[in-house]
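Report on the following structure.
Order as written gives the chain letters A, B, C and D; numbering starts at 1 within each chain.
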Amino acid sequence: MRLWKTILAATVLALATGTSAFAARTDLVIGIPLEPPHLDPTAGAAAAIDEVLYANVFEGLTRIGPKGEVLPDLAESWTISDDGKTYTFKLRTGVKFHDGTEFDANDVKFSLDRARADNSVNAQKGLFAAIDKVDVIDPATVKVTLKNPQGSFLYNMGWGDAVIVAPETADTNKEKPIGTGPFKFQNWAKGSSITLVKSDNYWGSPASLDKAEFRIVPDAAAYVPALLSGDIQAFPFFDADSVAQVKDDPRFKVVIGSTEGETILSINNKKPPFDKLQVRQAISYALDRKAIIDGASAGLGQPIGSHMSPANKDYVDLTGRYPHDVAKAKELLKEAGLENGFKATLKLPPPAYARLGGEIIASELRDVGIDLEIIPVEWAQWLDQVFTKKDYDLTIVSHTEPNDIDIYSRKDYYFNYDNPAFDKVIADLNLTSDEAKRKELLGQAQKILADDAVVGFLFELPKVGVWDAKLQGLWENAPIQANDLTKVKWSD
Amino acid sequence: MTLHIDIPEETFSGILAKAFRNSAFVAGFVVTLLILAMAIASYAWTPYDVTRLVISDKTQAPSLAHWFGTDHFGRDILSMVMVGARNSIAVALVAVGIGMGVGVPLGAFAAARGGLVDEALMRLNDLVFAFPALLSAIMITAIFGPGAVNAIIAIGIFNIPVFARVARAGALAIWPREFILAARAAGKSSTQITVEHVLPNIATLLLVQGTIQFALGILAEAGLSYLGLGAQPPMPSWGRMLFDAQTRMVVAPWMAIFPGMAIVVTVLGLNLLGDGIADILDPKSRRQR
Amino acid sequence: MSLLEIDNLSLTIGDTPILKDMELSVAPGEVMGLVGESGSGKSMTALTVMRLLPHAARATGRVSFDGIDVLAASEDQMCALRGDDIGMVFQEPMTALNPVKTIGEQVAEGIRWHTRASRADAEERARKMLDRVGLPSAKFPLSRYPHELSGGQRQRVVIAIACALKPKLLIADEPTTALDVVLQAQILDLLRDLVAESRMGLLLISHDLAVVTEIADRITILRRGEVMEAGDTARTLSEQSHPYTRQLAQASMHVPARARPHGAASGQALLQVESVTRDYPGRRTSLLRRAPVIRAVDDVSLSMTPGQSIALVGRSGCGKSTLARMILALDRPSSGTIRFRGETITGKREAELKPARRDMQVVFQDPYGSFDPRQKVEKLVAEPLHVLEKKPTRAERREMVAHALHEVGLDQRDMEKYPHEFSGGQRQRLSIARAIITRPKLVVADEPVSALDVSIRAQILDLFAELNQKLGIAYLFITHDLTVARAITDDVLVMHDGKIVERGKTNEVFDHPRSEAAQALVTAAPDLHRAIARRMQEQG
Amino acid sequence: MTAYLLKRLAIAIATLVLASMVVFAVLEVLPGDPARLMLGLNASADQVELLRNQMGLNAPLGLRYLRWAGGLLSLDFGRSYTYSVPVIDLVRERLAVSLPLALIALALSTIIAIPVGLFSASRRGRAGDTVAMGAAQLGVAVPNFWFALMLIYVFAVWLRLVPAGGFPGWGAGVWPALKSLLLPAVALALPQAAILARVTRSALIEVLNEDYIRTARAKGLPYRAVLWRHALRNAMIPVLTILGLQFAFLLAGTIIIENVFYLPGLGRLVFQAITQRDLIVVESVVMLLVAAVIAVNLVVDLSYAVVDPRLRSRQ
């Protein structure tokens, strides 16, 4: 036993001296759950790409601010023609890409044409569909002509998929991203971390951080120990369940905000018995949103009645349409001729809101006689079976793209929902840019979805941010999938 | 590398009397019996219904109402452990069953036939051993979908070569014995000899290996369900309970302690049982000549 | 003052008594023979002197070696004695050497440990010692490994290890039991020379009275841990004052009464073996050349008539067991044919052998190994009934087993017992019962008595003789012990290196051996009469 | 000796080829389309089809197998679907974590297990033995991810001696990298050390009953010298077998530990590749692991011959 004691004493001593002292900090380590497949926001749908690069490395003509508002970025200012179809952008001058090359109007034309080309691999081609042609007036001015007026065009140009890239480096951005942002790319250790450093030739006010490392932590269980041990100082998207472990710790700040993520119980509207309205309504009545939020998201997140984020100015509160009423649900099932219930499958993608929410919903639906078999699936299988082949009964997913109520009007979208009335409202919405008219149309859209109980509307995915108490400038909400570090600094 | 086997020479009652003096056997036997009883009892009764979620009394500490406390959905952890036992034991037991059912005849047949057949079986064994067990189990469950049945198949497959190798080694040690020659002189076929003489004499060896593989099966099932590939909700499993407990370690440590203890106690019990059996029936430990 | 003095030594292991008030002494240069049957405690005496007893052993009394009180000595003192002043040789040469170390290392190790000699010196002395025990450096370099040596050669290495430092006392615990007669004679000569050369005391332990008589000056006879009688070898064995000594001596020389050789061979030949050969692939020394072939049985022909009993004698490794197995159709000859009762049995499939198997059975050497411990006697003895045309009913089967048990002098009720509930001798009876239950025409007995103690051996030979008379069963007796062959068989075949080198009437061949191999066997085989006579001359 | 070597080599190659066929066949059955995953939610069906052709996913089965197997031989494992980077680079990065982790864990396990095995074998049945084997029993029974959790909360969160996870990369200096591998290595080493200790003990006890041990003692060697110079070497064969199995497990079986400590190791690479249906990565890495296991077995076989001369000459 003497041997054991000496070994233990030696290791403890040696390790203690190794920890780093706390200097005034200009570096930051941020924990993110998923690793981006590559580093070119214009060529991939994965949210993780934007979470690392948006606003930090790449910039677009416009930029979405912390409240979801559209701000000028590489476009200093712009004028819109009366018929709302031609936009003339005045570009900032003296802007350089990280490899030192000049930024000018040609880069803008190249980026927009590349994104809307037929063979483009851009994940959001729809954003550029309205563009007719792009003309370079002079190195600092670009004229964009649309096929028809589009209210959301400026907002669309703020998306991560619409950032401006240089022709010389466009193809190599996947591995070595070159943008115009305040940070430039330094290193990517696959499966481990992505490091950005302050760019020395930035056109705007320089970032206060010298170095920012995005460390990939896939397992929610590792968040708390990483925080407590000081390895990682900030989790923009922290695990709701683990919040209880850190909320009373003075070293950390817990910031609850909202996201554009409508978490819903999607229903396959064409598959019997879900094609009957009473069955879908019975399901909505059976759902106890409060219990789901408590169980699946540690009580954080607001319930929703339709497909719109409460933080959105055009939100209509329809949560009262289907209060939790087991008796009413059973009655509706009887009406639909299914009084002794039925069996169905519930396919759950990996995120915690789905896996936890799924168990609660299965238990709640079991109370009204609907016996659900839970089938956990990975994203690859979910996309293949649910999204593409529509081989599912029920599933749970959070649609985090902003302003995406139009998905219910898309042909062969995985809901299998087809309501011409609703499609008309959406078509009108796309054509109008007048705010009041848009608000009225959006209200109608939300009401139709609620009445048709197309899906079980659960709650808005909360943005649970936890970071070091001495850290300032991180966004409270997530109007767009991004971690804008431009304003982030240490207070001491 | 044949195994030198000394045939234990003892009547059954003698063995039994000896068994209950062997501390490892008694401890292992009692613990395993307890866990089995708990699992079987859970079919009939558990303090609370494991399928009922009561979010309101979420993560309560152990109390008189809930001896092991409640989990993040307000379910009673004691009931979950009891039902979880049923799942873990079932998966491990059937997996061992598959391993033995397929592996032992293969091994015995290879030893009896020898030559090409033996060589072929050994190559097959090497092939299955070459695959990393856990990784392959994950591939299997990824292909056929997670769930207790697929976990059983995944773990079972990797038990086959273990039993094949043990059975073959045991049989190879028995075949050159003189009583086998006598049986051959009595005109018995190699299959008859395997069934009548070889298998009974390597039974203890297989029993000991069985308990060890059973214990490893419990751990493998826990690992698979920890990764979410074992039994699916609402069926509780110990590994899954540990996974859920991870994010609440500081706030609700009991969520991790009790399922962890259940795994440790079960595996410990089985290993002790295995050791006990080996000691009792191992002639070397008793030979004082 | 004698070298080793043991008086009223008592030893228990756990709660089983092993030795009771035992005395024994060995003077320098003297050979003390310690004789006893298995379980008499003779090996335990040696281990007590060496202090190599298991944990649970408790010894009382006095054991003094060269003035040192062994029982009270410290472990370090004993380590200093072992290998230096006391050397020990064990029974089983095949497992006595460490398989992963060279013979040079194992001999030199003792030398270096005790004398702190350098590696080179120790190896030099080891080399000399190995030459001395008859392992010349040409064929046996220090770098050889134990598995590359035969049983006899390994025993010589063990002796080299024990005598490397010219010990005062050498203890040899059944040094030749595992060897064949010729090797046994060579090893005993070696021991006698080494002892004489450096006036060592030798404590020779054996169960074979004849071996001890040839070499020992004085003799101590042990039975169940107690000394029955001790004294000069010749006087003790000729006067045979103690009844146990007399019983032992007579059993060693016992020849079962055989009224008359069974009716002269008449009628059709029972067994014809015509130029049978059996080859085994040797070890492949190099990748390219085909592996050299080892010919275990080389062009053997013989024939047997019903009721005849033939002995097949030869040194171990001469191919007699291989031949026996081929006759029993348990092994296929490489060439040649074997006909049993007119039917060719070589090259037949198992099913076709059923009728032949009905008429021939086998008895093995190791009483403990020849029965499956997992089954009751009834099932074991009835196993050969499997070959009968019509399967006997359970009642008929029990009847036949009871009858067979009775014939071999065992009780019907033994049917319900397990093999381990019987002594070695009783198990051999069971083995014989199994062999005769189908009334076979031929029984092949492979060294049936060599594992038994002297007294029991005599009873079993009587049983064989009686069954030969009563049931007219022909025997093919395989043995390396000439007294057994002489006692039980009419004719003898002497085998050497796979060939039959001599055949004829047993007594004639043994009294006037013509072939060189037979002569070697006869001269080497220990014979109690001859040994006592020679001892009488020496000790007057 | 060469015959023994060549035979083992031939067997190893045959097993490898057989394994490659099994891996390829199994992964063809895997549902889920990698192309769809890469393009995400809004890509249209023809876009997906375009990508599938680009990646040669629609070529006939046999052709794809041969192309893949050919690539394996020339170490060109092809490009990962998700990372669109040569697989060999990915593997090399992940190996820089998994290999040292496996070696440290194996070293730790051996350093602890062999002395404990020796200690309790020489005190068979006495107090020391029962305590040691009791601890070993516990070591085997504890699921290593549960033990890992405990380690994190004690050494990383409470004592803050080592990072709670993650891997800074060897670029960040050897000491920080080693520190981050320490806890995972200990978590992996515990059950392995427990198994190895039990095997060492029973192998030694088996050997201590052999006759040549008694011969060695009769030579005058004290008990300790007999244990080290004679018993240990003979007990090596079962111990080597277990060491071979353990190294193979440590290389690929550490997925869970890599998850708990979020280490970018081989295990997690394959686990993620399976979930993302990145077939090329799964096929190549599994083949690499199988080849490693076969190589380890070959080395273990050869070490048998080194330890035991009887094997050297035998067929």
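In this text, a residue touches a chain if its C-beta (ideal position, glycine included) is under 8 Å from a C-beta of that chain, and two chains touch if they have at least 3 such contacts.
To keep track of the chains, here are their UniProt names: A = ABC transporter substrate-binding protein; B, D = ABC transporter permease; C = Dipeptide ABC transporter ATP-binding protein.
Since we're looking at a predicted model, the values are computed, not measured.
Fewest steps needed to get from chain A to chain B, stepping only to touching chains, is 1. Counting C-beta pairs in contact across B-C and across B-D gives the higher total for B-D. Centres computed as Cα averages put chain B at a distance of 46 Å from chain C.
With each centre defined as the average position of its C-alpha atoms, the distance from chain A to chain C rounds to 87 Å.
In whole angstrom, the spacing between the mean C-alpha positions of chain B and chain D is 22.
Between chain C and chain D, the centres computed from C-alpha atoms are 50 Å apart. Contact of a single residue of chain C with at least two other chains is seen at no position.
Residue positions of chain D with contacts to 2 or more other chains are 31, 149, 153, 259-260, 274-275. Residues of chain A in contact with two or more other chains: 219, 221, 224, 378.
Going by the touch rule set out above, the chain pairs that meet are A-B, A-D, B-C, B-D, C-D. If you check the complex, the residues on chain C that touch chain B are 13-14, 16, 54, 56, 325, 328, 330, 350, 353-354, 357, 360-362, 364-366, 369-375, 380, 383-384, 386-387, 418-421, 434.
Interface residues of chain D, counted against chain B in their complex, comprise 11, 14-15, 18-19, 22, 26-27, 29-31, 137-138, 140-143, 145-146, 149, 153, 206, 209, 237, 248-249, 251-253, 255-256, 259-260, 267, 270-271, 274-275, 282, 286, 289-290, 293-294, 297. Interface residues of chain A, counted against chain B in their complex, comprise 219-221, 223-224, 239, 241-242, 244-245, 291, 294-295, 355-356, 358-360, 362-363, 366, 374-376, 378. Across the interface of their complex, chain A is touched by residues 51-53, 55-56, 58-59, 72-74, 142, 145-146, 228, 232-234, 243, 246-251 of chain B. Listed in rising order, the residues of chain B touching chain D in the complex are 1, 123, 126-127, 129-136, 138-139, 142-143, 215, 219, 222-223, 226-227, 239, 242, 246, 249-250, 256, 260, 263-265, 267-268, 271-272, 275, 284.
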